[in-house]
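Chain nomenclature is as follows: A, B and C, assigned in order of appearance, with residue numbering initiated at 1 for each chain independently.
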Amino acid sequence: MNNNKPGRTRRPVALYSALMALFSLMLALPMAPQAWAGGSEPAAKVVNPGTELWREVRQREAPRAGVTQVAGMDSGVLINIRGEQWRQFRMEQLIPAAGVLIGGVLGLIVFFHLLKRGVRLEHGRSGNYLLRFKEIDRILHWYVATVFIFLALTGLILLTGRVVLIPVFGHEVFSVIASASKEGHNLFGPLFLLGVIGLLIRFVSKNFPGKGDLGWLLTAGGFLGGKHPSAGFFNAGEKIWFWLVIFIGLTISATGLILEFPFFGQDRPMMELSLVLHGVGAVLLVAGLFGHIYVGTAGMEASLESMTSGYVDVNWARQHHDQWAEVCEAEGAVIAGEDLAKKQRLRGTKNRVPDRPVAEEGR
Amino acid sequence: MARMKFLCDAERCIECNACVTACKNENDVPWGVNRRRVVTINDGSPGERSMSVACMHCSDAPCEAVCPVDCFYTTDDGVVLHDKDTCIGCGYCFYACPFGAPQFPTAGAFGSRGKMDKCTFCAGGPEADNSAEEHRKYGSNRLAEGKLPLCAEMCATRALLAGDGDTVSDIFRERVTWRGSSGLTWGWGVAYSKPGLRRGRDVEGRATGKD
Amino acid sequence: MITAFIEGPLWYFALVVFLIGVAWRLFAIARIGSKPDLSVPRRSAAVSGFMTSLRRFLPRREMGSRIRLHVLAGYMFHLGLFALLLFAAPHVLFLQEHLLGFGWTPMPYWAFIVTSQIAFAGLLLLWLHRVLNPVTRLISDADDHVAAVLTFVVMLTGCLALMEAFTGLRVLHRFTVELLMIYFPFSRLMHAFTFIPSRAYTGALFGRRGVDA
């Protein structure tokens, strides 16, 4: 280039080029890290000053959190490792386990019923009755039953819907179902808690361990060993179910409240733990519920009427809860069948007015 | 195909929050929702580091895996997006996300959340590209215009890089090489203490006396 | 299509049936009139009628503990329902847009949720009582059960649509509301409008004769 300009001295191109090359080479030296550090110490021995800091940020227990302009729970936490742990538990363990457990229990019940065809009344009906559950107890029981079934249904939709229902309904329709389930589940949750507390108050006195419980358990309610074991107002199996409902029900309710009211400083690990306990407890209760429903209906003859009409046949009481039947009969609490039958018809009749006594003594 | 990723160089981030502001402005993000945030560790002490974090668009996204209504999808570019019409606001994606990317407008009492909102890599959502509906719900769709996310474009120090993963890591690798033998020759370890290029220093920046 | 029908013609039909039906029933009751009472009044009829209307909000002492659950559940349901209907934010907005043209300050959202929980619990307990108590079971007919279940379904569909983000759920709630409105004038639900006149009439009639009714 220099050569083309008129009236200028020709510069020594070769010299300049060589100097440029040497200069460039010197500049390039920093690009070779190995050559720079005095030759003797390899660079890997020098610790990056941020190493310890980033390790603390990433660690599982109490990761180092920072500050941020964004106000929110946990917004200073850069990496939440537990989230992935929870996600794996929910998707890869809880959901399949729920399917297996619930399906398994249902299958077991069907198998059991086909095998034993339910427990019949040994001596048939006597036609005389005992009052087993007062009205308040029955109202409370069916209240809890209704609310729980609604919660179980909506909860299972939220838990397993992605796997079971999206293939059936598609994404759009299922999101409507899921939104409805979530709102319904959240609203009815506290109602379940009230019901459980009510059950606790009304039935706890009858559910303490008592005479005959151990024997009942050892013979599995008479299943092993032929003879029907002795039992009080509630047998050991019923007592176990009661305490399961109370403890698991209270756990589910407590975790539900933690999840529904996240304004008391709950961080993500606490919410994730609550979700785990909530889900596991709920699945267990649902599985147990199928057994409870079976025993109360097809599994034992003449059981359901205890919770609908409140009265049970004396033979039923003698067969299944002999200690309690004994006490009642001693008190003279047996009600004759004809009087009861008139009042306890499960269907309404056409005449609204209950039967009046016939005027005999000339009024 | 490109696989879109973010990378934030903590040795360059000066916590200016330009990325946060750019994102909120470009995407018309409502109050209370923050798609991107800058977290500062050891704020005020020697050894302070800042990092800008939003959705990392994971290749195997946990949010996508856990969603009960399966409203997430990954585009061909590797961008993780979701459908707000399907979202039921349950919050599970927030629990599963390691980075806390999903955000929720506080819609009602009892912690009930509205539709989830998060960083979209400025790639919009399932609606038609650059439609008014898409902008209203998801913010701008720069990717469809051939542009990169605005947070990275606005970064004052080019700490936040966004784009194809291979390209981004090439840029970062070049930086690391250019910085020299270790983090002690460049960056925060040097900035707040006497420069001694070959002196060994601990994380607080104090000289250890070893050469 | 269905949405347009439910939010259009069916809504107007339900509104007309409800308003004209209620007016017709009330008019029919008023038209019956009463025989002139020729006895000497012991007390003011109007005052007695008014007092009885208020007094009957609480049960008679003779009922004792037997009626306590019923009264509690009844108030839970009714008070919760009125609070919901008149002061829940989505309802206030609806009334403002579709019926009245003006609105008022609604409840905070948490109060909306709590009142609806109370109303649900009350209604469920009431209906269970109706079914499980032998007397009420005997004297209840289809009308009673349909009214209870329909009201519950209306509240339930409202609860399911709480996120206010899905048209299908909102329309389902609207639809059940319209069913209830059409059913209302032909059923026991008319007690909502007749209970005050009924109490007042009985109170006036007996009070005039000097009897607290």
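In this section, a residue touches a chain if its C-beta (ideal position, glycine included) is under 8 Å from a C-beta of that chain, and two chains touch if they have at least 3 such contacts.
Keep in mind it's a predicted model, so treat the numbers as computed, not measured.
Between the interfaces A-C and A-B, more contacting C-beta pairs are found at A-B.
Relative to the centroid of all protein Cα atoms, the closest per-chain Cα centroid is that of A. Each chain gets a centre from the mean of its Cα atoms; for chain B and chain C, those two points are 55 Å apart.
Averaged C-alpha coordinates put the centre of chain A at 35 Å from the centre of chain B. Multi-chain contact residues of chain A (touching two or more other chains): 175, 179, 182-183. For chain C, the set of residues that touch two or more other chains comprises 113, 162-163, 165.
For chain B, residues that reach two or more other chains under the stated contact definition are 88-89, 110, 112. Residue ranges on chain C touching chain A, taken from their complex, read 69, 113, 116-117, 120-121, 124-125, 128-129, 132-135, 137-141, 156, 159-163, 165-166, 168-169.
Chain contact summary for the complex, chain C toward chain B: residues 108-110, 112-113, 162-163, 165. Against chain C, the residues of chain B that register as touching in their complex are 88-89, 107-110, 112, 114-115. Contact residues on chain B toward chain A in their complex (touch as defined above): 10-11, 17, 20, 34, 37-43, 47, 49-51, 53, 62, 65-71, 83, 85-90, 92, 94-100, 110-112, 177-178, 180-184, 188-189, 198, 200-203, 205, 211. Residue ranges on chain A touching chain B, taken from their complex, read 30-31, 33, 36-38, 41, 43, 46-54, 57, 64-70, 72, 74-81, 83-84, 86-87, 90-91, 158-159, 161-162, 166, 171-172, 174-175, 178-179, 182-183, 186, 259-263, 268, 271-272, 275.
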